[in-house]
Amino acid sequence: MVKVGIAGGSGYGGTELIHILLRHPHVDIAWVSSQQHVGKAVAELYPHLRGFLDHLKFSAVQDVPASSLDLLFLALPHGHAMKMVPGLPDRLAVIDLSGDFRISDPAVFEEYYGIPLEDPEVQKRFVYGLPEINREDVRRARYVSNPGCFATATILALYPLVKGGWVEGPVFVDTKTGSSGAGNSPTAGTHHPRRTNSLFPYKPFRHQHLPEIVQALGHPANRVVFQTYSAPFVRGIFASHYMTLRRPASPEEVRGLFMDHYGSEPFIRWVADKPDVNYVRHSNFTDIGAAVDGTYLIVWSVLDNLQKGAAGQAVQNMNIMCGFPEGTGLNLAPVHP
Amino acid sequence: MVKVGIAGGSGYGGTELIHILLRHPHVDIAWVSSQQHVGKAVAELYPHLRGFLDHLKFSAVQDVPASSLDLLFLALPHGHAMKMVPGLPDRLAVIDLSGDFRISDPAVFEEYYGIPLEDPEVQKRFVYGLPEINREDVRRARYVSNPGCFATATILALYPLVKGGWVEGPVFVDTKTGSSGAGNSPTAGTHHPRRTNSLFPYKPFRHQHLPEIVQALGHPANRVVFQTYSAPFVRGIFASHYMTLRRPASPEEVRGLFMDHYGSEPFIRWVADKPDVNYVRHSNFTDIGAAVDGTYLIVWSVLDNLQKGAAGQAVQNMNIMCGFPEGTGLNLAPVHP
Amino acid sequence: MVKVGIAGGSGYGGTELIHILLRHPHVDIAWVSSQQHVGKAVAELYPHLRGFLDHLKFSAVQDVPASSLDLLFLALPHGHAMKMVPGLPDRLAVIDLSGDFRISDPAVFEEYYGIPLEDPEVQKRFVYGLPEINREDVRRARYVSNPGCFATATILALYPLVKGGWVEGPVFVDTKTGSSGAGNSPTAGTHHPRRTNSLFPYKPFRHQHLPEIVQALGHPANRVVFQTYSAPFVRGIFASHYMTLRRPASPEEVRGLFMDHYGSEPFIRWVADKPDVNYVRHSNFTDIGAAVDGTYLIVWSVLDNLQKGAAGQAVQNMNIMCGFPEGTGLNLAPVHP
Amino acid sequence: MVKVGIAGGSGYGGTELIHILLRHPHVDIAWVSSQQHVGKAVAELYPHLRGFLDHLKFSAVQDVPASSLDLLFLALPHGHAMKMVPGLPDRLAVIDLSGDFRISDPAVFEEYYGIPLEDPEVQKRFVYGLPEINREDVRRARYVSNPGCFATATILALYPLVKGGWVEGPVFVDTKTGSSGAGNSPTAGTHHPRRTNSLFPYKPFRHQHLPEIVQALGHPANRVVFQTYSAPFVRGIFASHYMTLRRPASPEEVRGLFMDHYGSEPFIRWVADKPDVNYVRHSNFTDIGAAVDGTYLIVWSVLDNLQKGAAGQAVQNMNIMCGFPEGTGLNLAPVHP
């Protein structure tokens, strides 16, 4: 059994992690922290978990029993992990769900996150944990930086196209998130009377997931126009990617390109022109589909922001790092309706 | 033209008041306050109002131009109106939307609101503004206390039955509110991820609208078991009233009783067994219906919590006080879908 | 491995059954029928299941390979199972999810379902499969009739009170269902523009789940006033039960009564005054709570209508019949947000 | 008073027309038809209208009292109006809300609507009723073809840019509709369990509103990639337009362009980077905003699909045709929350 700790277990990302790890046969959740809820039982804060971990209480993050854990998930707000990691023992594996270790260029990090990098050297020890792109790096890593939810959706949608040199000119990304993406603290943007019957953009051109997309696609000439929206569902990222191709392609050719890249991936499914948030909810899948009309291409990617967009992918990374079958604890079918 | 001011115009009740008064032909909105937003344009805080009152800015409540106003609506949090009213000039008509002046018994007020009454003598100057029950008192009043949203629904549903002596034993009230009833400040209970797919009770047996219901029904022996719920829609009160009758009644007799009381009321409609939040939304109507099976009776009442449950009823009261036709500014059909 | 078939696998109940059985370690889904979709792949109709049972196609119900199956789930519309069962081989275990075999009195069945019972003798071979009430009967049964979703919620809420003789006079039941309860065929009541921001009653006093409630509570003098509502969420039954007690009770006494009955039940949790649809979703739990004020008692029960209200309970019954641990395939925590 | 008739008054477009005309001071609704509901009272089918037009019943469309009407609104399914119009007396003004008379090229019409044009000569008598683009033509017209909801949003967003020659290369349109856009007949796409927590595309590249967009923009070289989505709200079109500009522009320049075109328009409001479905609901406004980053431009347009996208715009056209102030009956502020 791998003994894991979760720093920041009271947020939605942390809670989803608990939910997944509860059904993981090789993991023991040994410790969970929450600065806001020290001493409170996890099942008191999250009553849906009553009966599953009634003994477990939130600790203070500074009380992390680092020497008795095998792996530590960090699900803290941006800026906290990079202060905590240098003090952890080398032998402790770390998977960080924040943006702290995703960006290798300190100037870019500061531009998008508004704070300086604590220590660029620590940064370099982290591998960007998107298994479909760099599984082998994850396998050898002790420190993994888990991608952002929007970034996962868009990188997976564009990677084969960019690598294959199919794209001419800019890609316009119109990407919608469910309200759980904003976390469990009530805000104006998640206030039910405002959110439930509407749709509205935020952070025009400047969402902090953009630099990790550009970095992962690894193509300096690539131009991504990236626009995020708040949508009136709870779970899900639905990302639409609009672009012009260098030459006309048929639906079969587009499908072929994606199959070549992802045909054996356990968590990617091809859905042609039928992407739907309903079909990935509560699962670790990214459904990818497309429609093409001559040189115009639309690629859709859909995922559950708390699973493949956060906790599910973190467990997928853990499985790879620990040598477990990659889908352990993640093999459930999406739930619909 | 009646010059009106609105103290507390940035809450949902105040905003709805502005919305209705904008189309009232005899009213000029001369002043609006908000402690949080002093100096900000109303249309900046509420962009849906852009183009309708672009000149109007929020003032501080203490800067009320009492001598130049004819009527003042108070849409402040509980506890504020009772401090403000004694300092207002006698000639200024007041309609208060809070609970401050609804309860005549100081002990009962303190029990349910958790604060003492400022001055029970001021209390006595207020008339309870439920026109269907005491229109003539409202007509003669300068000070009107506007009923609570839940209270309006339940009093209107039960009044004919209680007055007619039809009820045997307790009445059980199961009443659901939309999220706008909680106001425009985000809270755990209105957080979209929690609210939008659920239903949950709050304040078992002890909602603060209960004492005004008991007081208005005016029947000491009457027993009302009152349970409120948060429902996943934005606007609406849907109240279900369960009871046993002294003797069996037919659907026609039940309808007859309500028609006798409300047949000429401009804002009450009989809906038999088809009550639906959809059919009152954005209107000042209370739809009432019922189903009966021998001595068992279910009565439903449905209204828009921001209209008949707050701002609409306040304008209805103003119309009566000022001698305008009662439906002025309120004569719009509900909107569906 | 138990070889199971599902007749009526394209409805929401059948699909949920497939979803649960996919993760059941001792079950092989050998056959699924759908009259509407003969020859179509299950994963084509339900794209969320892509990758999980791609080989499985819908057959015609009359082609049931009865001799090669161990257990047959019937998830057909009311009236179909009672025609099909007499033709099945005796050795085949059957769990029926419709209302066909729930009511022992033919006159009552006809009154509520509008059709006559095919054969009252066949009826008698079925055990009512509510494990918390009659687990031992289920254990010995070959034929199990799975309870209705509303009935499960209300019977579990009232059983200890009625058996203990606590109730004085009628119980008023105000019970709300999510839209998935209406099945996967679009209707006026599930049309999004009408359903999503509203709440409305249907079938006043006469829902077809009422007779199985009365029958299960087994108390001729008991009177249940039963009112169902359509609520704007997808999954969930939220049932509120209002009643007068013979003598005043404290919250602790009420809790004690329910703990005495259900303390060791794997799928019942006590939630005091915090019931919430969010906390049972996608799980087999029934959360029960209560609030009491002297002799007035409100009992709440909450469950997922497709799990404990249908497919989950059917699998629970199968586990009992087959001697598997009762929670096999059902031990997942509810999902929130 | 203008005597109007409405053919197809039971659909959502027709019902919204009734709702608006009820408050129009110069209009008398003299006749309404519905093939499905001949003889039924309008207020029986649409209970929210109880008390407003209780005398009005649905007639059969062939019984149109053409000689006694001044103006006829046609809100029929595609393909019906073009059969009906040739039989109407010349003196009767007509505003058609379907797609029948929007497309001037018969081949294009047939390609997108799947049926041939009845009579291209009749087609030519119709003016495309988008007042912000061709108000003077509408003023002189007797026959007006009301634009599609998606088309209104996209034409208004792109017209100043295309006319000004600002756009380089294709414009990608990602446009979302509320469920009321699909009409009042339940379908798989509006089934609450599927629609309410999701988002999904339909008709890739081929929505029938595309040809009227291309035609209205009147720029043969212009290329519009048009993708429609079903969103989980009831009312609203939220359209995002992505493009590259010929040369970099500042936010002020973009705003200036739109102000130059629309600054005096009564139903267009500039919202910069804060477009929101909430702020146009139940009103005739189109809110337009934008964000620009060098040569990349995103333009948003938001409207209520049943108002500016259908019935509101039809009344706006009627007001222009009849010489009434353009906002008569349409001057209500949007409603929020």
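Some points to look at:
Letters A, B, C and D name the chains as they come in the text, with residue numbers starting at 1 for each one.
To be clear about the criterion, a residue touches a chain if its C-beta (ideal position, glycine included) is under 8 Å from a C-beta of that chain, and two chains touch if they have at least 3 such contacts.
Since the structure is predicted, the reported quantities are computational estimates derived from the model, not experimental observations.
Contact with both chain A and chain D is made by B, C. If you compare C-D with A-C, the chain pair joined by more contacting C-beta pairs is A-C. Comparing mean CA positions across the assembly, the chain most remote from chain B is A.
Centre-to-centre separation of chain B and chain C, using mean CA positions: 39 Å. Centre-to-centre, using mean CA coordinates, chain C is 45 Å away from chain D. As a whole-number value, the distance joining the C-alpha centres of chain A and chain C reads 36 Å. In chain A, the positions touching at least two other chains are 12, 179-180, 184, 193, 196-197, 232, 234-235, 274, 276, 278, 281, 337. By the touch criterion given at the top, residues 12, 178-180, 184-188, 190-193, 195-197, 232, 234 of chain D touch chain C in their complex. Looking at the complex, you find that chain B touches chain D at residues 12, 15, 19, 22-23, 46-52, 179-180, 184, 197, 234-235, 269, 271, 274, 276, 278-283, 285, 306, 331-337. Residues 169-170, 172, 174, 176, 193-194, 196-201, 204-205, 225, 227, 229, 231-236, 238, 240, 242, 244, 273-278, 281, 291, 293, 296, 298, 300, 337 of chain C touch chain B in their complex.
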